[in-house]
Amino acid sequence: MAHPKDLTAAEGQRTAPDAQLVAERAAEALFARDMASRMLGIRVLGVKPGHARLAMTVRPDMVNGHRICHGGLIFTLADSAFAASCNSYGESTVAAAASIDFLAPAFEGDELSAEANELWRSGRSGLYEITVTNQSGERIALFRGRSHRIGGSVSTE
Amino acid sequence: MAHPKDLTAAEGQRTAPDAQLVAERAAEALFARDMASRMLGIRVLGVKPGHARLAMTVRPDMVNGHRICHGGLIFTLADSAFAASCNSYGESTVAAAASIDFLAPAFEGDELSAEANELWRSGRSGLYEITVTNQSGERIALFRGRSHRIGGSVSTE
Amino acid sequence: MAHPKDLTAAEGQRTAPDAQLVAERAAEALFARDMASRMLGIRVLGVKPGHARLAMTVRPDMVNGHRICHGGLIFTLADSAFAASCNSYGESTVAAAASIDFLAPAFEGDELSAEANELWRSGRSGLYEITVTNQSGERIALFRGRSHRIGGSVSTE
Amino acid sequence: MAHPKDLTAAEGQRTAPDAQLVAERAAEALFARDMASRMLGIRVLGVKPGHARLAMTVRPDMVNGHRICHGGLIFTLADSAFAASCNSYGESTVAAAASIDFLAPAFEGDELSAEANELWRSGRSGLYEITVTNQSGERIALFRGRSHRIGGSVSTE
């Protein structure tokens, strides 16, 4: 993830710098503590208010009994992107529910990326859509998550 | 998982022994190849036609940025139980879609178990309900999966 | 729906009479105003705290372009049963989200019933499972709803 | 819905005329038999391969016990748009499952429209996203449907 100081002043002014800083600091705090994403080699490629892009390489220890990437780990990548996007306002927010449609298998060695976009937010609830694609741009899964803001700040959890 | 030979002849006769053997052999074949479940320490406690029970201990490397078990790994446990139950007839079957409701957080050290039950099966499609509970019997998550039979046998994949 | 006064004192004492009265009065208030359920001939067969049973006959004007009952009307029956069960504590509660799996078609003349059961309730949120069956007891659809309590009383809305 | 003959030859050549004719004829055949959509005053505004736009006015007999449009009827509008889009290739296709998130209430007199877009299609399965908005363009609900092609032609069912 680009560090806040990589943003020039001009870029900062163009894109609501405070909101962007909040999003980046929330992601940094969240993923510094996220041992599960680290174990799976999940990387944050970028984050903006309500949006995030993460990546994961399908390792040999990630395949299931059908010799394809375990659906739970595809879900986990998408869920981490969901967390980055729904916590991007700096307020602690967790998943209440999620659904996933598996469109195509992923294989050992595939480079998966997950793009999270906010669909809606109101009160303590939000909806996020995450698309997981492989290195060829083929869609692997569509994930939709419902978030619930629990109070408190991501930075000081 | 209890080995087929642990079943007495009497038990075998009571519970459709061939179907039970098929279920156990399918689970053995499936989990022998399932590197992801192995990486996460997921254990098969039991399997019957259309049913399965699996367990996973929440390790320090399984928590997320909110210091609770990553929802993706709770999903993965449930998804492995789903796989064990929907492949229990010996025919290769994969997840087409799934949804999960997170009811309560799980913490480092928790012993989670996932109980899978078949709700419905028709043609190539099936629906399975998986309940994830912790060591106190508290429900952590409810998972529902839609399966799709792809043809071929689990044993010879 | 049985009127409260149909309950004998003995029955009342057996089953937490106040909670039962609250459930029945909430259903009465709700369905007195529910013009949509009335238009579709939906009847409340019974209600208890967290539970409800409703029925609907598939009329000629309820079929879709495939000459089977329109899935939206099967959903509507289930959704009304969901409303009766999640409002059964007397506090105004609405649907936040729902999902449905269609298991078998329903036909003109079928007598459908929807049985709603509470799966979980915490804070302002709840989960309810509704099973729709036909007159032969065959399952037509499985519906799961997530409720959100909005504050205020069902009786005085 | 625009009748095929309203398309000029030039337009026809620009937009794969055969596929467009198939989509329009499928919608005509489907909605000629769809008594439920007719009962609810649902109108087809337009259809293309994989896409459809429908409308419904919230009548006094469409409100529920909370004096807002019954969620089941919002679902029904979306489900009819789903049917128009997933049957637009002329092959008989039904809903296997669907989920809906309710974002904002709709009120008596509101003019709702449902826009259906195909997300994915493979073999006999497809995924469609339907957005329901009111006359102000406010989003009322997001619907996602999974379709299953059952064989046979829409025109000759």
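Note that the chains take the letters A, B, C and D in the order they are written out, and that residue 1 is the start of every chain.
The rule we apply is simple: a contact is a pair of C-beta atoms (placed from the backbone, for glycine too) under 8 Å apart; a residue touches a chain by one contact, two chains touch by 3 or more.
All figures in this text were calculated on a predicted structure; none of them were measured in a lab.
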item: Touching both chain B and chain D (chains); value: A, C
item: Taking each chain's C-alpha mean as its centre, the one farthest from chain D; value: B
item: Geometric centre distance via CA averages, chain C-chain B, whole Å; value: 32
item: Inter-centroid spacing, chain D versus chain C (mean Cα positions, whole Å); value: 26
item: Sequence positions of chain B contacting 2 or more other chains; value: 96-97, 99, 101, 146
item: Chain C-facing residues of chain D, complex; value: 29-39, 60-73, 75-80, 83, 87, 92, 94-102, 105, 154, 157
item: Complex contact set, residues of chain D against chain A; value: 99, 101, 103-104, 119-120, 122, 127, 139, 142, 144, 146
item: Partner chain D, residues of chain B touching it in the complex; value: 96-97, 99, 125, 146, 148
